[in-house]
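Across the two complexes that follow, chain A remains constant while its partner is chain B and subsequently chain C.
The block that comes next holds the complex of A and B.
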């Protein structure tokens, strides 16, 4: 963690090559793993690539998945900035999804932006609970956000969606489990005919830019960074540290909540009966590989989005699509454990350097 | 045969040669003082001697045998024992448990507590060190903990004792006792390597004095052949800081009370009364030194004034009795705070130098324009402060955590004293602890400048020489109240007795 925190806060001078090297290494290891288990690794990686980038359809899928990952990744990254490790993006995301599904049913002008805002508020409130517990009750955020995930899942998917909010069975539409469908006006417009690329991707990039601006260019962002980098010093400097932590967690939750809204407004168009996305947890991987910066997070989200999109085609060579998770897990491991490589790197550098005279 | 011999030690960190070819030897029965500025290479050198660092070149020998490089275990086995500035003790354990930890005497596979306790008591007794073997370490004061560390090294068979800035945390009486202990240990045949900034005690305790500067040994001589002037010259040669005029006693404070405290009370972190009815006044343009043995309320007093600790009684800053209700309001009222724990309270270590310079002033120009950070203005102001306080490296983007201790303190001083609007009240707690003479001079100058511009300065320090050099008046705290007041020319003796509560309070 110290290395990670150092990279989170240090002015970026050499920001990305470490993460890029880790990503590359994780692909190499995945390749080897594919080969030694008797699969055609070259073909496998060919499918992986074409499934992610081979034509408009795959590109659209990559962008779709990347847009959600950008938001959940930013959610985790923003929490890290104020010094909290938010494991709860999944719970915040499904609250956001539910809020979007509810607001999206309203027959009012501007329903789409309203649904997005509702999702941000719902996810933000869920994140705020963890921040409040941390500041005022000393509850560690890792514990509280994990538990809040379960509460969210059970309250929403065990009670609200199959219960009070379930679509009426008698309606004319095909009977699907879940809530009523949202208004057509709330759908995110598709941007590229023949693909599923929708407004979500540019929106996610815009939000990433806004988060970068907030953190790097505003006083408030500076105060968040200061609180995360040294709560006591920030407090002594007159910054209301507890309030800033709560704000950071609320923003973190809001970002995840908007991620949930993109899923509902872009593809699901209702809150479905079965909704286990995993995007919230993948957001942790995205933020860690992205080094906690907004740009790095967006870049990592695109890579992992491509991996998710491409992995569906791995079945063509008899490999389970969850293989992508192996690659993703390896990347996190390699990024989060730079100490594993540090001695090796220093030795390599020492060997290539000219000998020091005795 | 030398007890400890370092020959041709070199150690680089990146492009910087921390130690650049130093050879030294310490004989059994000798005290060698190692003197140098922050970053001169003292700490690196002793880390090499203890096996904590592997030197790039050179050899460490103990009693004629060369030690394998970078092997702390081998150094300990060879009889090299170090007492570091940060004690390595476990609070809830007793003294004897701490001493034997990791090398417990055993009998049938179980720890032999009786033997362990007896051996520890004997080791302390032989060295003339007063420690209570059954006391829990967390109940002991700093000086007693230091004695435990020394006993630990002796019990483990240290024949070469390395003391890193041992008096930095001690009161004058305690320092005196430690210096006597050091002489006793040397008389008993041990070799002592004594690292210090304080020339007075070095000249008192050492047989020989070695001066290091920028990783090189620049002077080494017997105590009789050198004096404070020569050592100082060798220490700061090249940095050329003119001696500051001792203006303390000459100046008359402006009339007008700046800060008035009446019957101030507060609790310590452990919930015990720390201040018990402290009353005093501070005038504009005056430096009041606060003397006292650690734990008599001075840390808490500073925190109250900085808005970090709730207090009873009243304290008002030019009539404003609510200025200290929060750190933000204290800052707004013009209180500058050089905190005791500069790494925890003073700095956000992962942030850059320029960001730390802005901390607390970050909402106002030139650091911000409206709700936005003014990157250009902040960079300009940072460069100005870096130059004025000679921060090294002179890089606004360097990580604060990567600076040396002295430069971190200069960074805090720069921000608090010159980073924002001129302060009205300066609260400085041990502002030069662990700093080299050059950095000390800069911090002192900055405090004097603040005073000359009309600020009131409250200076908490254990270093009576520092208080005498700077303060217009010295207030002695004992047990949470004012035990007495003295002029800067008061002797150690009088101040010492007041610090121990033996002198009746005088107006």
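The block that comes next holds the complex of A and C.
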């Protein structure tokens, strides 16, 4: 069984260069696309930049969005480590969000960490389904996680939130109410007055560090990597490969679930009636551009978080914020085909580095 | 009952596109994006030319153009086919929204587009085509030399290559054909049913078509049958929510989840031969041995 990560990442011998080149190229193509359709591309990119980095407010928004993307990106990256392609972070995220919104309503001490844990469990269980189906029923995880996404979206947003779990209809907010508001004690504390930056960002960075430590420095992490590199070989070496795959998918789902909890506990404070996140799908882009490592994923999450935050200001020049999706998709397209850059990279390396003796 | 045919047509075309690509050995997660390009291209072409038929052709071409990117990346540059499809969906979402705003100055809907003529039952020709095309496709895939070659490159490309089949050009052609079909599926939504483009199109129908491909076990008739079954579930749901006040019970979400849940159950229980083509998703390396 070929290593999924090897198939995704090897052709560029230096993946961080490949990713940086792909990101740069995607921004250039977006710029050109804006210019040729008659927009003021310089002003557009100026707004994009100032919306992401221009002052405390924008920086807070960038960090806020990056923290969710770190978690969904890590979710996809951890699944890749055990050799699975988790397309299902979106479904796992909204289960986590729902669990956080439910637990967050309880009037108990320590409700905020409890809500985070509840979200991790809910997302983890949803991820575990795909892992279990893969190991025991041979169902390909790409198919099962796509199906599980849509099941989660319809069951939660089409049934549970507007139905059994809906807030009692109060006069002003019948249709957009969503669920009952969570306890004030469950809110993530804001860290920087005047911005929406909250505890979620340091928490996400801490989790990224923990994931790196787990994967790079522990026995269990080594076994996960071994299973991802070759399930049969790992099995022959005495590693219970099936169990490790299930564990990896459960952790993957839990990470996405915590990402959903950050959205609820940080900004929404209830499961809203209209909840279009896309963070789960963007997590795929983050993990791929980040090269599947924890540090790379965190870095890519900050770039895409800035893009998301800045894109809201594109409306000032009459461009829909979904322009960010275009740039992000281009980056993934370019990262997906490292062979595009291979000739260029080889030439650069030949020019800058002296030939290495064999 | 009348609704089923209308609901099914976009799914049928897109699902057939999925079957064509995957039987040739190229995974196509990008159906959703191809449908989106098709829906928008058809509306734009129809508005620009005044003829819905030219619009339909534009829709097919737009789907093919999107598929061309998928083919180029996954075949020429051997990108991972799942990643390429995901990226295509992201690009389709962003680019089409951007074009909608650039060309028509709206982020919600396009201006009304000339729609295909309807018969007295309210169906356009596309709805009836959705009944006929799967049968033709089935006969072509199972009974002609070209169909045999497609199946061969999807099951064992190296064996096909030793018999003189040019694997990569044939796969590229199938991916492009898949884009045409998915584009027509998208066009069915815009110039076939609604008579304009809506920024939310195709609203997950590409993924439902993908589920139909799997539910239908990668066969044209199976996938089309699954598309009709899913469309029927959708029609029943709308009927119930209109008549039984099921909207109060909020059962519509459960009904919408049903096709996906059933597909998952069928896969989990391994009912029948639910096996993808052997070389589905495996990049073809002419120098490789397997």
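The definition used in the following text is that the second predicted complex is superposed on the first by the 322 of 358 C-alpha atoms of A that agree within 3 Å, B and C clash if a C-alpha of one lies under 4 Å from a C-alpha of the other, contacts with A are read in each partner's own complex, and residues count from 1 in each chain.
Just so it is clear, contacts are C-beta pairs under 8 Å (C-beta built on N, C-alpha and C of every residue); 3 or more make two chains touch, one makes a residue touch a chain.
Only a predicted model underlies this, so the values are computations on that prediction, with no experimental measurement involved.
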First, second, both or neither for A:232, with chain B first and chain C second: first
Partner chain(s) touched by A:210 [first = chain B, second = chain C, both, neither]: neither
First (chain B), second (chain C), both or neither touched by A:218: first
Partner chain(s) touched by A:143 [first = chain B, second = chain C, both, neither]: second
Chain B versus chain C as contact partner of A:35, first or second or both or neither: neither
Which partner reaches more residues of chain A (counting touched residues only), chain B or chain C: C
Residues of chain A contacting chain B in one complex and chain C in the other: 8, 11
Residue ranges of chain A in contact with chain B within the complex: 5-6, 8-11, 13, 216-223, 225-226, 229-230, 232-240, 356, 358
For the chain B and chain A complex, residues of the former touching the latter: 56-57, 306-308, 326-332, 337, 339, 344-352, 355, 358-360, 362-363, 368, 371-373, 375, 397, 399, 401
Residue ranges of chain C in contact with chain A within the complex: 27, 29, 69, 73, 77-80, 82-84, 86-95, 97-102, 107, 204, 207-208, 210-211, 214, 249-254, 256-257, 260-261, 263-264, 267-270, 276
Contacting residues of chain A [partner chain C, same complex]: 7-8, 11, 33, 37-39, 85, 87, 133, 137-140, 142-144, 146-151, 154-160, 162-164, 281, 284-285, 288, 318-320, 322-330, 332-333, 335-337, 339-340
